[in-house]
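Labels A, B, C, D, E and F are assigned to the chains in the order they are written; within every chain, residues are numbered from 1.
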Amino acid sequence: MRICIINPNSDAAMTAVIRENAQNFAAGRFEVDCLTNETGPAFIGCYEDMHACEAGMVALIKERQAAYDAFIVACHSDPGLDLLKEISTKPVVGICEASVKLATMLGHSFSVLSTSMRAVPNKQALCRKYGVEASLASVVGPDGATPDWENPDNLIRLGRRAVEQDGCEVLVLGCAGMGHVAARMGEELGVPVLDGVTCALMVAQGLVQAGLTTSKKRRYHAKQTD
Amino acid sequence: MRICIINPNSDAAMTAVIRENAQNFAAGRFEVDCLTNETGPAFIGCYEDMHACEAGMVALIKERQAAYDAFIVACHSDPGLDLLKEISTKPVVGICEASVKLATMLGHSFSVLSTSMRAVPNKQALCRKYGVEASLASVVGPDGATPDWENPDNLIRLGRRAVEQDGCEVLVLGCAGMGHVAARMGEELGVPVLDGVTCALMVAQGLVQAGLTTSKKRRYHAKQTD
Amino acid sequence: MRICIINPNSDAAMTAVIRENAQNFAAGRFEVDCLTNETGPAFIGCYEDMHACEAGMVALIKERQAAYDAFIVACHSDPGLDLLKEISTKPVVGICEASVKLATMLGHSFSVLSTSMRAVPNKQALCRKYGVEASLASVVGPDGATPDWENPDNLIRLGRRAVEQDGCEVLVLGCAGMGHVAARMGEELGVPVLDGVTCALMVAQGLVQAGLTTSKKRRYHAKQTD
Amino acid sequence: MRICIINPNSDAAMTAVIRENAQNFAAGRFEVDCLTNETGPAFIGCYEDMHACEAGMVALIKERQAAYDAFIVACHSDPGLDLLKEISTKPVVGICEASVKLATMLGHSFSVLSTSMRAVPNKQALCRKYGVEASLASVVGPDGATPDWENPDNLIRLGRRAVEQDGCEVLVLGCAGMGHVAARMGEELGVPVLDGVTCALMVAQGLVQAGLTTSKKRRYHAKQTD
Amino acid sequence: MRICIINPNSDAAMTAVIRENAQNFAAGRFEVDCLTNETGPAFIGCYEDMHACEAGMVALIKERQAAYDAFIVACHSDPGLDLLKEISTKPVVGICEASVKLATMLGHSFSVLSTSMRAVPNKQALCRKYGVEASLASVVGPDGATPDWENPDNLIRLGRRAVEQDGCEVLVLGCAGMGHVAARMGEELGVPVLDGVTCALMVAQGLVQAGLTTSKKRRYHAKQTD
Amino acid sequence: MRICIINPNSDAAMTAVIRENAQNFAAGRFEVDCLTNETGPAFIGCYEDMHACEAGMVALIKERQAAYDAFIVACHSDPGLDLLKEISTKPVVGICEASVKLATMLGHSFSVLSTSMRAVPNKQALCRKYGVEASLASVVGPDGATPDWENPDNLIRLGRRAVEQDGCEVLVLGCAGMGHVAARMGEELGVPVLDGVTCALMVAQGLVQAGLTTSKKRRYHAKQTD
């Protein structure tokens, strides 16, 4: 089995973080390649960034249809996910969709850790799109002058607040670049901490093994070209 | 990795069907044992049957906490699932929860094939509990004097009606004993057909590999005994 | 008319509290017996406790089908309620279902007072199951090192917080053993305070007088035994 | 205990039907008076009719605050119900609210029998207002040139269709003037058939016995006049 | 085009505020008349007030059917709106409905500024009726002993709290008499501030230009009189 | 006032239909330009088409920020609407969002006429995104071998079925190219028929006159570039 993870942004350092997480999970059981979308924006923080990464992802996935068994979109905004499910005959898994749906299987409610307050409404909108809003305890983000979500201590502090004040029982990391904090955060806070890339690999791996892929019946029926 | 599947009812023939499906999916990648709940009822068709299978499952899971990495409840009514998540430190996956939540990742809407009209309301109630009611196209069941859902032709006819009349894009098999029909149904109808046992194995396998389990924070905090 | 109240736990002192409340309400208009489920757990605080009280309740209700006109499950987690509705031809009323649905008739929103923070998610899940989540202002529980919900002053303090901070207009006592506080709390806080046992008696009494009982059409159709 | 039922319309014949039903239920246990709102319209079939009956009901209830323990609005559109809850310190129960909420305690889903297709949207809107839309199987009304819902055979035919085609498990009579058909319909169709007047009496009787009434905290706080 | 705005209360000073706002918006493009409902209450703060203003509005609208192209109900409780849509063949627009639905087009979430805490539940209920509850961040009202919502500084302070604490992106003024504060509040807070009268004029003007009016198919079918 | 309508596809004939409708509505009161997105696909029937039209629309809108007071996206899938709201300081109105939200003000429920069954799920998803799913009676599309939705007779037949079978009270035309049928359909079927382009103009015109535009607080905050 070969799974292709696409980092929708052009930040090779983030791709490296994603790749390391992915290979830790794959552990040699399957091949996983982690590609940087070189025509994408440096960071995906708004709708314009999401748009800017889609053409590159379409090209990457179309060219590699035969080479991979499944594709993963490694940005927690799930940019272009409906589009990519449509153009691919192989499964395409978004890290937001996979993580928030798995979160509902592990506890009564979950909170999402966001890289910024700016992204909170979009994460709420995604949770509503995915039908998990009744299980969403909160979306929390860095506040104060220097957000600096890349500092693990800050992230863990945010997570603790979600557990203690918002009553969440599961934490979902709201950015593909947060995965390396998952283990330590889980230990310190005593709740499951879900990294989206790991969750998407769980789903993708399973779909490939089961021979399942996106329904092509109506919503994701590929465009007819001839 | 060792996964334990429990057939909540006492029907060893159904256990055999489940076991065969499970081993096809596991394909030697992990060990999977499939146990019959010998103190359970012969078939699970109502709340009294669900109750009757719970004590046996509690005992099976408590005795095997150390021996397995995850447990699967192989009845599409998910009998006792909240209870079993609570008593186990290892992941417990219900085949209804796993299959309906994965279904929402593969298409716009899904239908569940039920073994009887009697079970339709409970399946609707479970879909509401799991927050997937907005994606539920229909629950369909055998009608007429002789339901005979064990006949694959009848099941496929039911599935076709759901696709054509109710507009579903994904089918979910509503009984652990239907799994052997999934492949043929998928080919004939051209939509993903989800077998609950396979879906639960996908989730359980992934959770074990990722080192995740049920949150013990509040809802599923085990009873303190000392 | 004879109504049977079952205290699902084995705590005879709690049964005595329930009995006194019930007889105050019945006021000689109908007979009400209040039974302790002697095989149940001492307190019902988790899913394992709920499971542990079901077999005893099934036996109590089956043996007494002819002797009573209605049955009441006197624990605010409504343990086994679907099961008991199914096995009985007589009405079975849960004190949570009765109280939260009546609460929606008396004000814009209600809060539930819980015996512990541990029970909050389950009470939220029940309110969602019963379709009253849009009217649920909050579920509040004791915090701090010594919860001691049995102290009326603490309970009233909790209720006041729900009224003032969460904006609820009606309070629902979240435990069968809290009923004796209802009158004083109502007077001090100036809102209706609903005791579940009283609410269940209101519903059960009315159903018996009207000759109504659970529909046996599909969801609660009793198991065929022959 | 004295309960006052108000027929919001001016049709004394309908008042007589309501009175007979009410006294059958009261059975001498409490006093029940059934008043015709003489300034109301002959039939309540639209918003203008609802408006036209409100002033009369306000006057009737204000004049009788001391004389009765509870008031019932005996039209299944619950005309003016929020208003009447606000002006009265005694409980005011609407027959729609009481019947659809009790219906959810007796089965998985219910259907409402309407006197006309014209009234279907308003009944759907009321069910949404009362938070029971997830349990509403359908609202059915007479079709064809001569509706004639007063013919019991037609009503029973409508109810049968709701049970068989829409899968409802409980029927709610959508007009105060249908109560006399409840018993026969229940026997023929084998499901609980809820008459709104009876349901409202069940609730009102219980509230009075429990010493409960509408919360005056915010939504139904009476206008200050001095 | 001639649009008739009705101030449902009898406060001519409030009518003057509304008129000035309306004429600023109309800016000579269409005629707008602003009528005081002289038989209405001095202020509309509860259901009894809403009831008390309906008869006058019915009369005003019926008498002016031919004279105007559209009618606007200028109270943010939308008193009698269903009734007025039914009796009029011309469009009738409520300022609450227009403003909260337009708010959802301008941002992720909105908050409503209420004249009192007393009115909060009714505004929540209206938002639920109009299907915008998922976009409602909060309803905020004056607290403390002297609410004095007519003081613009207080209103702006309330709005700021909604933006900063509740995360709303759009503000909706919850009273027809607040419109003169909209511009200043928008400038100070940096978010769109919606005045209901302006929003209703936007909708009414458009409907008239497009030749559209309320559907008379079922829910708002006028009473047949002959 | 100058409003810019963008036909997201490259079909100049459809642009001509849109332009004619728009100018009929504008009637000289304001300027309206109707642009063809020349780099867009010939028709927008799937996610890939939506993606393919976005870059062109971004360019058209960015270049014309100063020249127009508002922009309209004239495709009933609202392609790129969140993106375009974000990049523009002027209002951007989608014809689906405007029409379905206005539809809820004109009747109890509405149906959308789709150009194909393929588009039904996406229209359902949009209605859910916009929070109007409770008012959505149905999405209907052409069936049979030759859909030919461009034939007005076929469209009217579809609309009639929605009114008669699905009980809708308002019809929404699900394609920008259907607008010329609105008047005749409304006359024949006796319900309001909403053309999206007209509805978007109603909203855009009003927003410009009121000096309102998209909130830039969080969800639609434009990307910082410097």
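Methods note: a residue touches a chain if its C-beta (ideal position, glycine included) is under 8 Å from a C-beta of that chain, and two chains touch if they have at least 3 such contacts.
All of these numbers come straight from a predicted model, not from anything done at the bench.
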{"item": "Repeat of the C-D interface, chosen from B-F, E-F or C-E (over half of contact pairs identical by residue number)", "value": "E-F"}
{"item": "More contacts between chains, D-E or B-D", "value": "D-E"}
{"item": "Chain A and chain B, separation of their C-alpha mean positions in angstrom", "value": "26"}
{"item": "Cα-centroid distance, chain B relative to chain C, in whole angstrom", "value": "31"}
{"item": "For chain F, residues that touch 2 or more chains besides their own", "value": "108, 120-121, 125, 128, 134, 167, 169, 218-220"}
{"item": "Residues of chain D touching chain F in the complex", "value": "120-121, 124-125, 128, 133"}
{"item": "Contacting residues of chain F [partner chain D, same complex]", "value": "108-109, 134, 167, 169"}
{"item": "Residues of chain C defined as touching chain B within the complex", "value": "45-51, 54-55, 58, 80, 82-83, 85-87, 117-118, 120-122, 125, 128-129, 218-223"}
{"item": "Residue ranges of chain A in contact with chain B within the complex", "value": "25, 27, 29, 91, 93, 97-98, 101-102, 104-108, 130-132, 134-135, 163, 167, 169-170, 183, 190-192, 194, 198-199, 201-203, 205-207, 209-220"}
